[in-house]
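For clarity, chains are labelled A, B and C in written order, and residue numbers in each chain start from 1.
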Amino acid sequence: MEAWLQGIFADTPVLTVPWSIDYFSVIAGVLTGALFACDRKLDIIGTVVCGLITGYGGGVLRDTLMQGTGVYFTSHPDLIVNCILICAFVFYFRGIFKHLEATVFLADALSVGLFALAGASKAVAFEQGMVLSVIMGGITAVGGGAIRDICVGEVPGVFQRSNYYAVAGLGGAAVYVVLARFGCPLALAGIACVLAVVALRYWSVYFDWRTTSEADLTPRIARGLHRVGEVLSGLFLHGGDSERLQRHAGARIARGASRDDEARKGSSGGSDAANSDWPANMR
Amino acid sequence: MEAWLQGIFADTPVLTVPWSIDYFSVIAGVLTGALFACDRKLDIIGTVVCGLITGYGGGVLRDTLMQGTGVYFTSHPDLIVNCILICAFVFYFRGIFKHLEATVFLADALSVGLFALAGASKAVAFEQGMVLSVIMGGITAVGGGAIRDICVGEVPGVFQRSNYYAVAGLGGAAVYVVLARFGCPLALAGIACVLAVVALRYWSVYFDWRTTSEADLTPRIARGLHRVGEVLSGLFLHGGDSERLQRHAGARIARGASRDDEARKGSSGGSDAANSDWPANMR
Amino acid sequence: MEAWLQGIFADTPVLTVPWSIDYFSVIAGVLTGALFACDRKLDIIGTVVCGLITGYGGGVLRDTLMQGTGVYFTSHPDLIVNCILICAFVFYFRGIFKHLEATVFLADALSVGLFALAGASKAVAFEQGMVLSVIMGGITAVGGGAIRDICVGEVPGVFQRSNYYAVAGLGGAAVYVVLARFGCPLALAGIACVLAVVALRYWSVYFDWRTTSEADLTPRIARGLHRVGEVLSGLFLHGGDSERLQRHAGARIARGASRDDEARKGSSGGSDAANSDWPANMR
């Protein structure tokens, strides 16, 4: 197995994926970008540009941030020609893709995984450290789609409550970087990266895992801190007053039972704090 | 003529346009950008930034993609000062430009042509190959305007159904790259490039040539394929049944005559396919 | 004082601020970006990206324009980790920052000042000339916030009628560049830069100084030019006709008294010109 992989992936300290895999990921990205542009009623120029941005944008962003390491976009002109032809094909034959949603979803997930791998492996090859390598993987994976969304005046989908997408890209990049750091053969690490991204992407849609757009833990923490303070003050200040301590405990249990979780979440920690010293019989 | 051109344009393997031409194109771009900003009620900072983005954005994008070849923006500080002064002038005296629409249109067309030339000739000089050279010409020509549109939250005009703009820029760049490739003196190729852009831009407005935002050839192709199949099946399977073949042909002619072209375009290939085997007398 | 400053700031021809100051400015920028993202209901990915863009975007833009001088973002991975943790903290404990508006405002003003200093001093160190140094200071100061606004589909605040923000950044950068040019110790120039930005920012809010979004001086200038012409023509053409000259003068005074300033501003210079030769008694 290992020998077979070595046959496919060059056995160098730097992971070199076959050009066909790079080409596949760019083409899948270009395809989704062109379909996106068709949905927004852009013209042929807009479709080609959106396609190229989706396919190459993340890599260009990575190469701009990693100044002086070469730009992937300009190093493969033949791929650009193919991408433009694909965009034109999508523009004129969009009807074909209406019935290929599942295929496009799979191609997109694979492409995000391969982009994450391309970003992370280039950063690892240029010895950017683990943190930057994971970030470069994430940027390469979803940067193209984000720039495309910005170009048509929308808030990037990856910035909003949604199924895992950037999370999948970052997760895959992290898998690659950690495995590469601990001496795993780069070919295996790369396969694990792509599998992780595809699995995360499919699971997140299947189980409807979503990022959340609102999360304010302040009231919960405030209430928690208040209770710690309450218990501590009960122990130290009213150490001998066992009756009062029991009243406190009883009140807390009663309160926990009568209020449902949602309502408690909404109430501020402050009002909780103000109430908690009232005698239990007044509640 | 050739000698006179050699006097204007330096006789090197790299096309060196006089600085005054570069300056003119940037200033024309800055002017249109500043007028655009005034229309959107931006303040003086927004006007200056929009002007500079329109004038320099395409070049910065090209220089970012062609890593390590120098950035035009930072190499001519005196031009930047002039551009800022022009933006301020437009901001405070916008009333003057209300009556200069035709002049601004000409300046803009010339500037797009000169930008396309600047982008293509720089890419040719750095031996980026024909494909990238044309793309760099197009990016330099319309990239600034596109970035400006994105910056004020609009979908770039060049992405939408409109008169030729990006098409003109790409066409001019292609003219330059092809002529340069086939040994034409670079000065002549440059003039042809600018003329091509200006001509395409004016013609597209004069004849109202527009890019299209919707084009789905799938039904047409499906119908075409179906007919090919029909004819083939007629030939091979019902080879001897000449009456049936004639019925088919007659039905097709009658159908073509009774339906107007638009209605046929709208109908899906599928329904066509479903109908086409009915006996002719049932239609 | 000077000696004490030399202890803090390295005594080199290039201003080297302590890393803690750079870190503070990035972290303050990241903080404001993350709070901005929470207001727009972005998810954790969007919050982290908006934070990083606000903190690093201006610097990345500067480093892209100053090709080949290194990218600050990729040179301090430990700072990125801290920034991501801060964004996550803001995301989950946004409630805390509701009562810290004045502190956030101060941190933001300080951060803009320090960004302006970082941009201007890097450009000065790479000998980009005074014009570019001021522009780089301004770009570094407010570029991050502008890119963040663009990323969520809004017109950047600095492009619109608002309290001084870009003006403050540019002003501070200009103070630094001018002081550095005239041989002032770089440490002192840096402090003056930051103080200038913070002072301009606070004053602009305190005195409600705002940039204006509309300013068309054309009618005013046209009227002014017309009057100059009127006086000149009175002097040269009707030199001996003292009665007519006095009528002109009287009419102008009467007109000035009867019309209020606002109305005069609205009328075009043209109508003024048409009226001004009527006999005074017909008015």
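Note that contacts are C-beta pairs under 8 Å (C-beta built on N, C-alpha and C of every residue); 3 or more make two chains touch, one makes a residue touch a chain.
Just so it is clear, the model here is predicted, and its values are computed rather than measured.
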| item | value |
| --- | --- |
| Size of the rotation, in steps of 5 degrees, that lays the CA trace of chain B over chain C | 120 |
| Chain B against chain A, contact positions shared by both copies (same if over half, else different) | different |
| Separation of chain A from chain B, taking each centre as the mean of its C-alpha atoms, in whole Å | 35 |
| Where chain B touches two or more other chains, by residue | 64, 67-68, 150, 153 |
| Touching residues (chain side chain C, partner chain B) in the complex | 64-68, 128-129, 131-132, 135, 146, 150, 153-156, 158-162, 166-167, 211-219, 221 |
| Residues of chain B defined as touching chain C within the complex | 37, 40-46, 49-50, 60, 63-64, 67-68, 70-71, 73-74, 77-78, 80-81, 91-96, 150-153 |
